[in-house]
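Pasting in a structure now, in structure tokens, and then I'll have a few things to ask.
Should a chain be cited, it is by its letter among A, B, C, D, E, F, G and H, assigned in written order, with residues numbered from 1 in that chain.
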Amino acid sequence: MVSIARMIVDHHGVLLVTRVSEAQAAAMREAFPEAQVHERAHTVTVERVALPKMDGAVAVVCAGTSDLPVAEEAAVTLEIFGNRVARFFDVGVAGIHRLLAVRDQIEACNAVVVVAGMEGALPSAIAGLVSKPVVAVPTSVGYGASFGGLAALLGMLNSCGSGVTVVNIDNGFGAAYAAATINRQLHAARNGK
Amino acid sequence: MVSIARMIVDHHGVLLVTRVSEAQAAAMREAFPEAQVHERAHTVTVERVALPKMDGAVAVVCAGTSDLPVAEEAAVTLEIFGNRVARFFDVGVAGIHRLLAVRDQIEACNAVVVVAGMEGALPSAIAGLVSKPVVAVPTSVGYGASFGGLAALLGMLNSCGSGVTVVNIDNGFGAAYAAATINRQLHAARNGK
Amino acid sequence: MVSIARMIVDHHGVLLVTRVSEAQAAAMREAFPEAQVHERAHTVTVERVALPKMDGAVAVVCAGTSDLPVAEEAAVTLEIFGNRVARFFDVGVAGIHRLLAVRDQIEACNAVVVVAGMEGALPSAIAGLVSKPVVAVPTSVGYGASFGGLAALLGMLNSCGSGVTVVNIDNGFGAAYAAATINRQLHAARNGK
Amino acid sequence: MVSIARMIVDHHGVLLVTRVSEAQAAAMREAFPEAQVHERAHTVTVERVALPKMDGAVAVVCAGTSDLPVAEEAAVTLEIFGNRVARFFDVGVAGIHRLLAVRDQIEACNAVVVVAGMEGALPSAIAGLVSKPVVAVPTSVGYGASFGGLAALLGMLNSCGSGVTVVNIDNGFGAAYAAATINRQLHAARNGK
Amino acid sequence: MVSIARMIVDHHGVLLVTRVSEAQAAAMREAFPEAQVHERAHTVTVERVALPKMDGAVAVVCAGTSDLPVAEEAAVTLEIFGNRVARFFDVGVAGIHRLLAVRDQIEACNAVVVVAGMEGALPSAIAGLVSKPVVAVPTSVGYGASFGGLAALLGMLNSCGSGVTVVNIDNGFGAAYAAATINRQLHAARNGK
Amino acid sequence: MVSIARMIVDHHGVLLVTRVSEAQAAAMREAFPEAQVHERAHTVTVERVALPKMDGAVAVVCAGTSDLPVAEEAAVTLEIFGNRVARFFDVGVAGIHRLLAVRDQIEACNAVVVVAGMEGALPSAIAGLVSKPVVAVPTSVGYGASFGGLAALLGMLNSCGSGVTVVNIDNGFGAAYAAATINRQLHAARNGK
Amino acid sequence: MVSIARMIVDHHGVLLVTRVSEAQAAAMREAFPEAQVHERAHTVTVERVALPKMDGAVAVVCAGTSDLPVAEEAAVTLEIFGNRVARFFDVGVAGIHRLLAVRDQIEACNAVVVVAGMEGALPSAIAGLVSKPVVAVPTSVGYGASFGGLAALLGMLNSCGSGVTVVNIDNGFGAAYAAATINRQLHAARNGK
Amino acid sequence: MVSIARMIVDHHGVLLVTRVSEAQAAAMREAFPEAQVHERAHTVTVERVALPKMDGAVAVVCAGTSDLPVAEEAAVTLEIFGNRVARFFDVGVAGIHRLLAVRDQIEACNAVVVVAGMEGALPSAIAGLVSKPVVAVPTSVGYGASFGGLAALLGMLNSCGSGVTVVNIDNGFGAAYAAATINRQLHAARNGK
């Protein structure tokens, strides 16, 4: 891993590695003194050349501790690509009042990544409250009839909220990439490009 | 169907037939002049001997027109078993404010039957707002990855709302039967039995 | 885990942790000298402030040793919420006479939690014998075509016994929570609330 | 169909056709005046040469009207192969007392074909009560999470009753053929062959 | 349908109905003389008040005749929401040269809706060629192991192209809604809002 | 395990434990000096009181080394129940000549247990060659699209050979129990009972 | 259909249309007097310019009437592409002797297309007997646990016969196309190209 | 393993063992000094008697490092059977230009083995570019909705490229065996046999 990483850092000045084990993280830290290990996200970044930061923010929303690693993977991915991230990590369908309390802050972002396991209902609720693009990430959190995230995935694909799009189970990176693509276009448009 | 129905009516004075086709409904109406055909519920009832009505009510909640037949099947079943029914038929996860507006009326009931298709998220939201037993009915409404109600079923089984229990897809009757069992016990307790 | 637990105990005086590993149980016992470790239920409880006990009982029924951990999780959950529990842990469909022998004792309870793996037929048999609400818990016990509890789950959802409701595979907690909700209402009604 | 049927009748003197539509049944009756149409079994038999009848009987058991066509397919198949058939068509898991009432009559048979839809629990209950070979037939009766008989099939494969064997969904013929093979061996043994 | 439609037209001046049968289309045309029936899209629109048109375009891409109804549903939805649509309806993975030929035209759009059945590989190929947000719609076209669009859905969720997001099988409307949300933000940004 | 085992041995004089780990086998051997450990079958037997042996034999057939543990579980189970066992452990569909070579020896048995993984085709081939009851056991041997034995299970349920019955994946014990039930009846009939 | 067909015939002189309904076949016959309707194959061919015929033959094998339409689709496809076809349409795993009788004739072909429903075991048996490439086609024939051909598909993918490759359920065309590609290369090699 | 291996080497002079663990590889190396351990392919070969090499080559194509073990298993299998192998291990659907760059080299081979995980789209793209038989191998690479290779398997079975045939997930050996069968026939034909 380290040798490929070195090639990327030498060439691009920036590196993002997701789904990193503790041993791999240690090896990376040894190889790259400037490496940042994001423990909750199981992710390592190296940012020798700082990417230009964009104006608008992307919201990353999840319901709690069990979905946090995937939500953090999305957040770290967004940040390394130059997006500002607004984290809402305690918002769920079973506690609707907390969601209503942050509605306006989410609406103020340019795109929303919603991470949810179990029945995967959070994206529907959010899409019903805000007008921004919602990218949903099902997580493999759960047991029994969650079938490794299948229940959340099907729930999100059948979302009653219009305009919700979905990525693979636990794919925080993919959702962040999609949201970053949207935000980058907006940034360019706002800066007259 | 009519001959079995006659035996039941003669013996019990009360009859409930669910999943009735239009032709069957017509045949029933001809055989039993007092038969009531509940068109939206695809259900026929005969109530020669009125069952005693109970004090408390059972709430039946769904999000809209497509889940209505199953919700009505539940409501008609509850009524024939002597339960008062409070219908909330325009309440969904994508429009949370309508749900909040009726929260107190649902809480005032003794049990809640929640009917939902698509991602099946409504029971979680309701269980997070009220303290009464919630029986969830997934419906086969939807297309593609709803897989005939499987998505809603899995969503409800993985509900993040504590204490949600689930019946088979489209089984409005079963949910009503379970809610009626709860309500009947309460009625007996309140009347000192 | 211990730090979150301490917050809950300090605030509520009562704590229930399910799905606890042996190491976690040891850590909890060290942190809370009054903690009770329920080994078969993989559950730890702390009851600094005793919850008021209710009059009626909830039956917890299963067929034998392999379903015991989930049945005990349900029983311990019920007890911490103030319910009396009647355990019937040797009752199965393949030995119907043992089931008939305890029928009246189950009927005397206010609600029934039935835990079963393999083909999940026990709830149907019990629902055919008693008139109380039956909450069924499929377990992941089995091999081959049990598919991690899917066979039992589908069996229970298709129960020929009216009024059976179902929770997620191995979710003893959820079934207990639902049964406790029913029992608490009854207790309140019987005490004139 | 008729031309193949004629070849078989001419050659063997006996014919069994299962899964016959009404139109096919009419065509068969026209072609073979001696044809017997078994309406409930959707089966036609021609018995120009009567097969020798065997001593022992095979029990065919099911829970009611919806499983009747498959149970009758099994019964007619058994009869055309020379088996006496004992029909028990009103026996289910949700009404255990009816099952106990016929236990001794089932035990007196040489083999048992049990036909059941929904959760498919009947074979387990019967295998717990009798000592004869039990061949289970799941039926496609049901809706929603019965998934066309899959729930009953999985239930039977996970039967907690020892020695239950299973055939394909709705395959009354196959179960009858297996039971007939057992009965024929016994008949030969009892007659000193 | 017509009465609900009338309410929407009276209130909003604009109406979009998808998944319309021929009979429903005829009824709509009779009720609304100005209704436009989009036959290939199985969609009816009424546009009494023209929505303001936006600058940028959204690309809708599919491989051929069998995916056309879903692609047209997406295109018509986009147009009624004020988006210009660039249709590429003869582009598939098995004929890569046609795809390369239109690459620059797709890149010039603000978002891309890719509709594909069978193995659902087209979004990966396009995401590898263009830098714009790609929303993928699996279709139920196919037979056998396509399992009603499941093969295409899984293919798209596992896309090796970064940033592909997915909607439900045959959900041309949902993909269009998501793409329109992106395009509307861009339009506002470019116009200094 | 040992304490339950001791109760069974004391009461019945005979014990069969399947799916035994190496550690459990060692513990059993220590507790019961007369215990026999069947390593390939992962099974332990104690036979303090020898069960009477029956006249006829049961054939156990499989294709090779990977299915051997399940085939041996069936064979050991049959033997402890007093059946003689004829083992054919090198017979597969891809080498039809070896199967034809032992056809007559299989036909001479009273019942046939056929164990097969992968595509599960062996029972069909054998049922086409012999006239005795065939009980099929799918095994979880294989990888990829064998899905833990599902492919073999479905293959056997769809067997084109008449009269094949099926037990759960890897359930050598269940197939043996069913075959023993058949053989015991025959033995009784042949001995005038 | 006819207009596209005319373009193809005018351009290539040869046309193959599979999965043709009776009405479509009639329309084609009217439009192209020289069209040949292959009824059992649900296929229409037009061969204005005869393709050059190749030396070697391709074997098409199936077990009987129910698999015939797919087998004929493969055979007609092979013929229109210039292959000679050797049909073996009465060969199944449950009747191994018929298969052995034609083994040498199959071996004499350059490739083998094997069509089978139910448990899909025939390709394994043939691959064990001949040394030529075997392309297997599962069919959707069957009921219950055949799940529309899934059982046959999984069986073939897990074939114990080395070198069996598989195409989609009912895809006689695809198997024929693959076999034709093999045969064409051989023809070229034998003719010194 | 070593003892069976010795028998094969003594008898055939050539040995191929796939899916070898590191410990097994070490044991093989000790037993056979001439053994070659192919680490990336998890395969060991012994070639005491060199098989005659054939003229033509077989292409083995995959997209990158994660599919490499299966691709190497195919390549090593092909080589031990006397085929020359052309490896293309950096070719994917998301980078179409690299694929176009090697198109002619692939076309020059006699058969193509394409190994792909994730959405399994590579075989379609290649079949659209070359005229040689394409054997596709899905791999279990991926996570979430790849379901252990099921997504790639379904994608390949639904390939829009004509003539693609498929083997089991991760079955590099099987694909190589099929390709070798094709190449051997061609070699014989070209050498006048």
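Everything below uses one rule, namely that contacts are C-beta pairs under 8 Å (C-beta built on N, C-alpha and C of every residue); 3 or more make two chains touch, one makes a residue touch a chain.
Bear in mind the structure is a predicted one, so any value in this text is a computation, not a measurement.
Note on connectivity: the fewest steps through touching chains from subunit A to subunit H is 1. If you compare G-H with C-F, the chain pair joined by more contacting C-beta pairs is G-H. Greatest Cα centroid separation from subunit B: this falls to H.
Taking the mean of the C-alpha atoms as each chain's centre, subunit C and subunit D sit 39 Å apart.
Averaged C-alpha coordinates give centres for subunit C and subunit E that are 49 Å from one another. Subunit C and subunit H have CA centres that are 52 Å apart. If you average the Cα atoms of subunit E and of subunit F, the two centres end up 57 Å apart.
Shared contact sites, meaning residues of subunit E that touch two or more other chains, fall at 144-146, 150, 153, 157-158, 168-169. By the document's touch criterion, interfaces exist between A-B, A-C, A-E, A-H, B-C, B-D, B-E, C-D, C-F, D-F, D-G, E-G, E-H, F-G, F-H, G-H.
By the touch criterion stated above, subunit H contacts subunit E in their complex at residues 63, 92-96, 99-100, 117-121, 124-125, 127-129, 142, 144-147, 150-152, 154-162. If you check the complex, the residues on subunit E that touch subunit B are 138, 140, 148-150, 153, 168-171. On the subunit H side of its complex with subunit G, the touching residues are 110, 131-133, 135, 153, 157-158, 162-169, 173-175, 177-178, 180-182, 185-186, 189-190. Residue ranges on subunit G touching subunit D, taken from their complex, read 143-146.
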